[in-house]
Each structure stands twice: as C-alpha cells, then as structure tokens.
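Next come two complexes built around chain A: one with chain B, the other with chain C.
Let's turn to the complex of A and B:
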C-alpha cells in the first residue's frame, strides 16, 4: 500500500551541521499527525525538507507514490502539499482577500478549474475574514492572520496541509477554534501535519504523533496512548 | 489589485498618452526633444523598477541592454540592410535573447555579487563593442543619412516621429506592467516585493518570475536603446553603454520617485528633469544634490515621492 505522504530516511545538512537524521514519517488522508519537539529539534527543518525549501542530503519524499525529493517548492505546492508557514507570513501590501487568493494563483488554479475551494467556502469557514476582506492582511489580530494563512494554503486545493507552529503566540480559545476547523477539514479527507512545541495541545488534537529530539525521531505512537512521562523524556532528552 | 483600480489606471494612462500624443502639433523641436528624453527615462526606469521593486533583482548593469539594442539596430539597418521600421521591433526579441545568457551567468550570484557582476558584464560589453569590426571602434559611427531620413526628411517630422515612438513604447511598457500586476502573476509579484522568502515558502515560483521579469526588461531596454540612437544619430561604446545615463540616473529616478510602484518612476523622472534643468549648470553641486536627495529619500521616506503623496492624500481624506 502506498501512503499519501511518506518521508523515507531523510537526512538534511546545513553546511556541516546535521539538522535531520534518518527521519521516517508518513501521513494518511483523514488524519492529524503531530510532530512535537523543543526549539531546535528539527521540526521546521523537516517542513523545509518536505517542501523543497531545504534540499535534503539523502532520503526521499514520496507523495501519492510520486518522488518529490529535491522538487521546487512551487511544484510541491502544485502537487498538493500546502504550507501554513511559521510566523504566518501575511503579505502587508495585499488585502486579506488578495492574500487568500494568492494561494489559488500560486497553485495555477482559476475560478473555473473546479477546485472545491472558493472564496465563499473560505468565508463560511472563517466568517470574520469576509468582514475584513478589504483590510491589509497585517492589520488583523494574530488569530485572524493565522486564519488567512490557513485559507491561503487551502486555496491551493491541497491533499496535505503542513502547519508550522500555528498556536505560537495565540490565546488558548483561538487555538481551540483553529484546531476545531482543522478537525472538520480532516473529516472531509484532508491530511494535516502539525508541527508544535506545545506538546499537550498537539497530543490532544492529533491521532498520531512523532516526537523529535536533536534532528531524530525519539518517540512515536498513537496520541491517545501517549505516556506523558515517556513523551517528556523523548522531548527533552531527560526526565524533568 | 482590484478591477476598478486597474480600470482607473488604464483610463489615466490613455488620457495622459492622448494629451501628450497631440502635443507635437503645438510645440517646437526643442520641447519635443526634451519630452522624448522624458519618455525614454520613464520607460527605462519602469523596467529597472520592475526588476528591483518587484523581483528583488538589483542590477547596476542594465545599460548593457540599452547599448546592445543600439548596436543591434545599427547592425540590422546599416549592415544587414533591414528596414529601420522592421529593425526597431526586432530589437525586442534580440534583447530577450541576450537576456538569457546574461541571466544564466548572473543568477549564480547573490545580492551584492549580482549587482557587481551585472556592472562588470556591461563594462565587458562596452569594451567588446569597441572591438567589433564595422561598428567604428572606440569612437563609434554615425547612422547613415538614408536611415535617418526614413523617420522624416525634415528635422520637425523626424522629431515628431521619434517623439511618438518614445511615447508609444513607454506607454506600452507601463501598460504591460499594469496588466502583469493585474494578472495571475500579479499577486505573486507583490508578495515577492513584500518578502521573497515568504513568497517562496507559500509556493510562488520565484525563479520563473525572476526570469520572466529579466527577459521583459532586457527586451524592452534593447528597444529603448535603439530609439535613443535615433536621437543621438550615432552609436559609440561610451554613449550607447553609458552607465551614468542608463543606470545611475535611473536608480536615482526610481528611488526618489518610489520603488515598487508604477507611478514611482514617473514622479522620479519629473523630479530628475526639474533638477537637471535648474541645477546642471552648477556642475558638481548638481551631482551632490542628486546624491543627497537619493540618500535622504532612503532614510526618511523609503517609498519615495509616491509614498509621500500617498501619506498626504490619506491625511487629507481622513481630515475630510
């Protein structure tokens, strides 16, 4: 059986520094998988390696059986893997609506290409964005900016959504709202990979998890079965 | 960009073009020459702004394409015997084709190295231009009278025709840029202007966009270089590949007018010409003022005159 997204023996160097070593992860349609780890554990490097922003030194990235290793980010996005980047990356000179539409444009889609993702559907999902659609993207609150970033990624019509630290700097109620929406999308068959420092949040929303430590997977399993002590050891490399 | 905004821009562009279009019927040759210069400056500055203001490509060697366009025009008309009105549009594919190897070399360099590399390439081309047989060596060569006369037998006719050519080409370049900004690549371009790394992270094909911009810029600079030759009536390495006129003043125009905005180069060209007309008699003081103004703009209002006008009009609107 082929996995939707499979990362095999992925190793990544920045110059001589080893950022990722022999990473093996996979994700299927309709699940939320969490990658947790402390600052510097290699989580963002993993996203960069999958999306082609940092070319891996060895290993492979397979998407629907197709080899995407060393592809350009734009091709990865067009293939069906979208990123909600760390820090949201809203473009200040574009309005809220333009920021969202950019997702459709970069994926080479148009109004008529039959993508299930339209502005109307986005505004159903996040009504507040419709109210503020004419404002500059950066005039919105952190949580709303995160909604723009998610919407922009959805407009590329992805099969897999990679979310880099979406809870960072947001209030717990906002985080819950965002994850509730992601859960709805997953029910419709989307695969979501969340990268989080916030261990408990990540475990509570995901069905499976991978814990990273110093560029390697230190522990993995079902989130519901996760033993907190074992996860903490895998997270920090020692008991706390 | 919203559709209405696009239509307003289009309307203004066509009205302004129309007004300037009928001017040759009323003004003297000196004024026409001055305005032709103005159009050429705007055209060249628009293309530099397209690269630096949107694509983040900072080249200080774009005069390479102006010079190459001028030499190509001379070669086509005087050596190959192609009709001047056919040679002019042929300067476009020539410039685009030249942009391919130039970009292939420069794209391996980053930021400051790219800028310096572009300058060095342009200087190499200048030196080469002086060595190719048939182009008059270091002192250059004049266009033959028969070629010049294709554009009009009297000075007045010729000046009007060159005026209309420069106006038409510059309007076309501005039109091309606003259509590009309105197109599917428009949002990607503005996103790249905001933050190139972020644009790449969300899937903008930054490599494709940069190549596209460099080709457009090279193609039309080559055409503008050919039209500039019609004003000067001769080609020579020093004048055709002139870094001061073709790049340094252009950077001034874009920076002072407002980088990353289509109106910027227009405002910048007006400011530049006003300063040139009033101060150029003072020699070095003129250059010092130009340089000082450019640095002051970067420090105080990096968005230039366009940014300043935007701020003032916002204040007026808020007050009203």
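Let's turn to the complex of A and C:
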C-alpha cells in the first residue's frame, strides 16, 4: 500500500551546512502527525523541502505515489499539499476575503471547479472572518490571521495540510479552538502535519509524532504512548 | 475666460496621452519593482512596428491596434521569460541596468534600420476633425479618442487588478514576493503575464503617440520622463492618480505654450518639481500600513 505523503531518506544542505539527514516520515489520510523539536532542529527545513522551497540534496518526496521531489511550490500546492506557513504570511494589500480566495487562485481553481471548499464553508468554520471580510488581512488579531492562513490553505482543496508553528504567539484558548477545527477536518479525511515547538500541545492533538534533533529524527511513535522523559531527551538531546 | 477654459480642456486631453504612456510604467514598477528605463523606447518600438505594418500591409494605424496588441503581449511574455526571469531582483539595480542596456540596443537598432529622420503615422482625415464642445471651444476628435482610450484602459486595468484572481496574485506578489512564493503562487508566471499586460498598454500608447506626433529613434527618454512625472505626481500604485498626473502635466504644457512655445515642456517639468516639493509621495499615494 502506498502512503499518502512519504518522505524517503531526505537530506538537505544549505551550502555546506547539513540541515536534514536521512529523514523518513509518512502520513495517512485522516490523521494528525506532529513533528516536534527545538528551535533549529530542522522542522521548518523539512516543510521547505516537502514544499519545494529548499531543494533536497538527496532523497525523495512522494505524494500519492507521485514523485514531487524538486517540484516548484506552486506544483506541490496544485498536487494537493497546502501549507500554513510560519508567521502566517498574510498580504496587507488584500482584504481578509481576498487573502482567503488566494488559496483558490494558487490551486488554479475557480467558482465552478466543484471544490468542496467555498467561502460559505470557510465562514461556517471561522464565523469571525465573515464579519471582518472587508478589512485588510493584517488588521486582524494574531489568532484571526492564523484562521485566514488556515482558510487560505483549505481553499486549495488539499489532501495534506502542513502547519508550521501555528500556535506560536497565540493564547491557549485560541490554540485549542484552532486545533478543534483541525480535528474536525481530519475526521473528514484530511491529513494534517503539524510542526510545533510546543511539545505537550503537539502530543495532545496528534495521533503519531516524530521528534527531531539536529536535523535527524531522534524518536517517533504513537502520541498516546509517548513517554515524556524519553521525548524530552529526544527533544533536547539530554535529560533536563 | 474662454482661453483659460480652453487651456484646461486641451491640456486635460493632452494629459490622456501622458497617462497612457504612464500606465504601463506604474504597473511594472508597482508590481515587479523593475525601474524600466527602456519604457519610453518600448513605446517608440511600437510606433515603428505600426510604421512597418502601414508601409508593408497598408494597415491604418488605428486598425492595426488589435494586431499590435497581440504582438506586444507576446513580446512582453518572451522578454520576461528569456531575460528578466534571470535578473536577480533582490534590489532594483540589476534590472535597471538590464533595462538601460535594452534602451541602448533598441535606440541604435532603430537608428540603423530607419535613420534619424522624424516619422509620423498618418491616420487620415480623423486627425484634423474637431467638434465644438462648448461655444467657441473646439476639441480635436483624435485627442478625444486618446483621452477616452486612457479612461477605458484604466477601467479595464482596475477590473483586472481588483476583480480577478490574477489581479489578486499581482497584488500579493507586489506586497511580498517571498511570501507569495511560499504559499504557492507561481511567481514567474505572474511576472510574465504582468509584463505581457504592460506591453499591451505600451502597444496602445505607442500607436496613438505615433499618430499624434513625430517620433525618432531617440524619442524614448522624453516619453519616459513624461510617464515618470505622471506616475509620481499621481502617487505610486494609483492608476486614477496617474491619469490626474498626466492631466496636470498636460495642462502645464498647454499653459506654458500660451506664454512661449519654448516654455511648453519646461512648464511641465516645473509643475512636477513644485508638486514634488509639497507632496513628495504624490497626490493619491496608496496608503502604506
């Protein structure tokens, strides 16, 4: 059986610096998988390698059996992998609604493409965005901007959602609200890969986890079975 | 009184032509951060294309507009794909130097092919037709057509930029190119389409310029200057502002010409400097956050 998204023996260099070494991860439809690790462990590099922003030195990225290694980000998104980037990356010149519609634009979809993702459905998911849809995207609070970034990614009608540090800088209640919505989407068959520094949050929302340390996977397993001490060792490279 | 009104009306109509020169420049700088020094020379190239079409196929310059638009759009796409795609855009300097090089190549190639004599495209009787807009105020049909074209073109460009997915992507790229690429916008494709769109505006302005007055291989920099002044007076990122900028310079030209023929262009530049002193970011600058 082929995995939905599979990263095989991925190695990535920035010049001479080794950012990722022999990474193997996979994710299936209907699960949340967490990639945890400290700052600089290589989590964001992994997202960049999958989405084509940083071409890997060796290894491959397979999506639904297709080889996406070295593809342009725009092709990766069109194939069905959407990214909620770190720092949200909302465009100030665009209104909230236009920022959301951008997802449909980049995926090459239109009103009549028959995508299950419509503005109505987004506004059902995040009603606050409908009230503020005419405002500039960056006039909203951090949590609301994160909702825009997630909505924009959903509008590409993805099979896999890559979320880079979505809890960063947000209040715990907002984080819970965002993850509650993601859990609902996963029940409908979406695969969500979350990249988090916040270890406990990540373990509590995911079914499986990979812990990264210095560009390598130091530990992986089922989140429910995770032994906190072992994870902390794998996270920091030593006991704390 | 009539003379003041006449100056304003004739100047405004002339401003429509300046605005046409400037629309493409406003787009290319606003979106792609390319300071296209060769903008005026592109306009001149189009004028010579119109000349060749008229001499070889006998095409009336206004009839040839659709054909030239298609050719220009293709040229824009190709220029971006084979040239500007490879120019690093970390800062505006490299692309400015490339455009500077293009300018030298264009001017000298045209000089080699057509000589330095002024040329003009003849549009026939329409050039001298005029109507009485107000009592004792006559306006030429051609300047009216040019002004109307500028307004229609702005309406179309506004619709493209603010009502289509392509326009949304243009604005996103212009906000932050790196972020645009990160969320999956095909930025090279957006650049090519945008450059094609810029060349469409150049095609229209080039043919109308060639019908309105004389041109030589060296006319480009003067056109570029008018275009830059219109864009800066209007404020970056505002197409209607660009039209107003064009009108301001147009009125200054006509008013200057009333005083002395040699004062015409100088008056335009003087008004530009004055406005720059009091409104350094233009009259209708896009609000920055």
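Everything that follows uses one rule, which is that the second predicted complex is superposed on the first by the 240 of 240 C-alpha atoms of A that agree within 3 Å, B and C clash if a C-alpha of one lies under 4 Å from a C-alpha of the other, contacts with A are read in each partner's own complex, and residues count from 1 in each chain.
One rule holds in what follows: a residue touches a chain if its C-beta (ideal position, glycine included) is under 8 Å from a C-beta of that chain, and two chains touch if they have at least 3 such contacts.
Predicted, not measured: the structure shown is a model, and the values here were computed from it.
Engineer: Following the superposition defined at the top, how do chain B and chain C come out on chain A, clash or fit?
Structural biologist: With chain A aligned, chain B runs into chain C, so clash.
Engineer: Report for A:232: first if it touches chain B alone, second if chain C alone, otherwise both or neither.
Structural biologist: Touch partners of A:232: none, neither chain B nor chain C.
Engineer: Considering only touches as defined above, state whether A:29 meets chain B (first), chain C (second), both or neither.
Structural biologist: Touch partners of A:29: none, neither chain B nor chain C.
Engineer: With the two complexes superposed on chain A, say which partner A:136 touches: chain B (first), chain C (second), both, or neither.
Structural biologist: second
Engineer: For A:128 in the superposed arrangement: first (chain B), second (chain C), both or neither?
Structural biologist: Neither: A:128 stays clear of chain B and chain C.
Engineer: Does any part of chain A touch chain B in one structure and chain C in the other, and if so which residues?
Structural biologist: Overlap of chain B and chain C footprints on chain A: residues 51, 53, 72-74, 76-78, 82-83, 85, 89, 91-94, 98, 101-103, 105-107, 110, 152-153, 156.
Engineer: Taking the touch rule as given, give the residues of chain A at its contact with chain C in the complex, in rising order.
Structural biologist: It comes out as residues 51, 53, 72-74, 76-78, 82-83, 85, 89, 91-94, 98, 101-107, 110, 136, 138, 152-153, 156.
Engineer: Mind pulling up the chain A residues that touch chain B in the complex?
Structural biologist: 51, 53, 72-74, 76-78, 82-83, 85, 89, 91-94, 98, 101-103, 105-108, 110, 152-153, 156
Engineer: Please output the residues of chain B touching chain A within their complex, sorted ascending.
Structural biologist: On the chain B side, the touching residues are 1, 184-185, 187-188, 190-191, 193-195, 198-208.
Engineer: What residues of chain C sit close enough to touch chain A in their complex?
Structural biologist: 165-166, 168-169, 171-172, 174-176, 179-186, 189, 286, 289
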